[in-house]
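Should a chain be cited, it is by its letter among A, B and C, assigned in written order, with residues numbered from 1 in that chain.
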């Protein structure tokens, strides 16, 4: 099977994953609407925090908290991707894909390609909405593009983990019940508050959470202040996460095929 | 053959119409009566309006116009009285998978105002009647399709309804389960329950119904006993296969007095076809007549018109499958 | 037998049935309980330093957030009543109830009470976790009663909202709408900061949102204590009564529209 042919397979699977996402309201809500609702409440409800000693000097509080929303979106994009895969497995559609003459790995990469596309659309949407509501991104358009890329790679990382769970368990309800734990990953990172102003317990945990480096990197890019977050660390964490979980998902698929 | 007392109909429908969004008329001027104690078969293809009609009669849907009375009560003005008089087993065996069969029956009893002890006793009786005593305390989620249908029927009977509505009760069941359900329906009818049964299975209508109403595009297109409906489209035919083609002429002569002998078919030189209203009752006289004329018979088959033939004659298409027939002569 | 089946036994039977959702499905209560606990820990960890701002009525952000998380858990339990009803409608089970000679409003009482019963679990777990981690209890027992009254009342209101959605859309796909309604009701209020510290549009929203008063009713347990003038109690009870009247009327309207 040629690389070009597999590339077409991956593109087709990615396109399908993206199309289905937009045809089901219950998948659109958590990925596009929920993060914005939380953003609106947090940005307005906690904006007095700028008066706290130690809070970074930023042009726009909304611009400061929006990276948390972007990472939340990436988390949810990855999770809904894994949930959709579990739905395919439970519903029997995955068997149809397995019966096709495609490389097994393409089935995982195709799904994650859809996740990538979804995250790009999602992050762009969030940044535009933020802009419309008064956020400013001193880092400029280039930084915004880099932030979109970073979020997309993170989404792939989470999607890989969710896909691995889907392939191991084949259980849609299990994936759906993981939803609250997504927020554990988010809240143990400086998603909406600077790391230095988190409570001490949370600050210690945040150091070990790869999403800490991702959200700080996005924040650093958008605010144009590298002191707030180093983009390289963020990309490093995201890429490592994506590689590790994609490998995990591929292993899970092999295990599934072996024991089928 | 049953005769039905001339009393108020158990189900009475006049010019019933139900229109949905977009102007779709699922029921389009339906008129029918069901006598008390009758099994009425409501036969039609998918999308004909059977389920919509049943939902109106069971007070789940309001008609757009027209009227319907069940057990003497108007389905709109006296919906509550209708609900007290009817039992319903709908198309989807609507049961809660987390409950046991016994719990469901007791709950149904509570819904119909039975005291706890009465509901408990009634549940036990019905479980035995439908053969689910062994499985009574297992969760319904683990029941087979046939068991769910039987439980569905039992739930419809908790309060001893006067009229029982069964909407495609055997769809998806294996032949054994189907036969068991038919026996139960006959037994209920023997006890006096009026049964309004919708089905897309010809055999079910023929086996169970005292009268059949055939519905297409929302209205009744034919109604009568199964035999009377079939007699409208033609007589039964006997196909006689002979051992020797040379005996065909003698065979035709022998059978001339027993009915109308079809002209010979050059493609089937050993076959003689006899049309006779006696149907399978004519088999013995046919064999005797052929024997007297020294004709050796290989086989005799009876072909009778089906309700599908009736449907095709009236509507131009078949009940089962969508292929249109040639226009009737 | 009376002309129409008596209401109480029916309501009891349906209440009992609604508890099966959690008694007979292993782990069913876990996501509903874990989610508000995650929010409790995450929000208090993220925004804990906000208590340093002038005007914050307590030094313990955990004490501030506990009633919010309790209410959140109760609200989502109420929304789940709506999701369960939508599922019952889709699967035909609700038809079985509609065909019974029972006044139709009675069919809603049992499931809503079931939701309230179920909501006791997440509310209590959140309270215990909060107290163990150091939340204060200035309101004592009367304050706890106020908290539970607020939770039960809000769960009922959320249940009526979910019921109205279920009867209107008659599909489980309306589930996200039910949850978003609860989310907006809870968070467009003094969720994160007291009224004096709210800025912008959220200040106006919190002002008109009746749930703000319900939150203040609940906060008497862990923040303000019971005010003998009932200045924090009466508005909350009136808000609950008002929401009950409006959403109850909508739910009954939805019932009446069934079959038309």
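List of remarks:
One rule holds for everything that comes next: contacts are C-beta pairs under 8 Å (C-beta built on N, C-alpha and C of every residue); 3 or more make two chains touch, one makes a residue touch a chain.
A quick note: this is a predicted structure, and the numbers were derived from the prediction, not measured.
Interface comparison, A-C versus B-C: the higher count of C-beta contacts falls to A-C. Taking the mean of each chain's C-alpha atoms, the chain closest to the overall C-alpha centroid is C.
If each chain is reduced to the centroid of its CA atoms, chain A and chain B end up 57 Å from each other. A separation of 30 Å divides the Cα centre of chain A from that of chain C. Rounded to whole angstrom units, the spacing between the C-alpha centres of chain B and chain C is 49.
By the touch criterion given at the top, residues 1-6, 9-10, 12-14, 17, 20-21, 24-25, 91-93, 95-102, 259-260 of chain C touch chain B in their complex. In the complex of the two chains, the chain B residues touching chain C come out as 55, 58-62, 80, 83-84, 86, 88, 90-92, 94-96, 98-99, 107-108, 110-114, 116, 139, 155.
Chain C meets chain A in the complex at residues 27, 30-31, 34-35, 38-39, 41-50, 52-53, 173, 175-177, 180, 183-184, 187-188, 191-193, 197-203. Every residue of chain A that touches chain C in the complex is listed here, in rising order: 24-26, 29-30, 33-34, 37-38, 40-42, 44-49, 51-53, 176-177, 179-181, 183-184, 186-188, 190-193, 197-199, 201-202.
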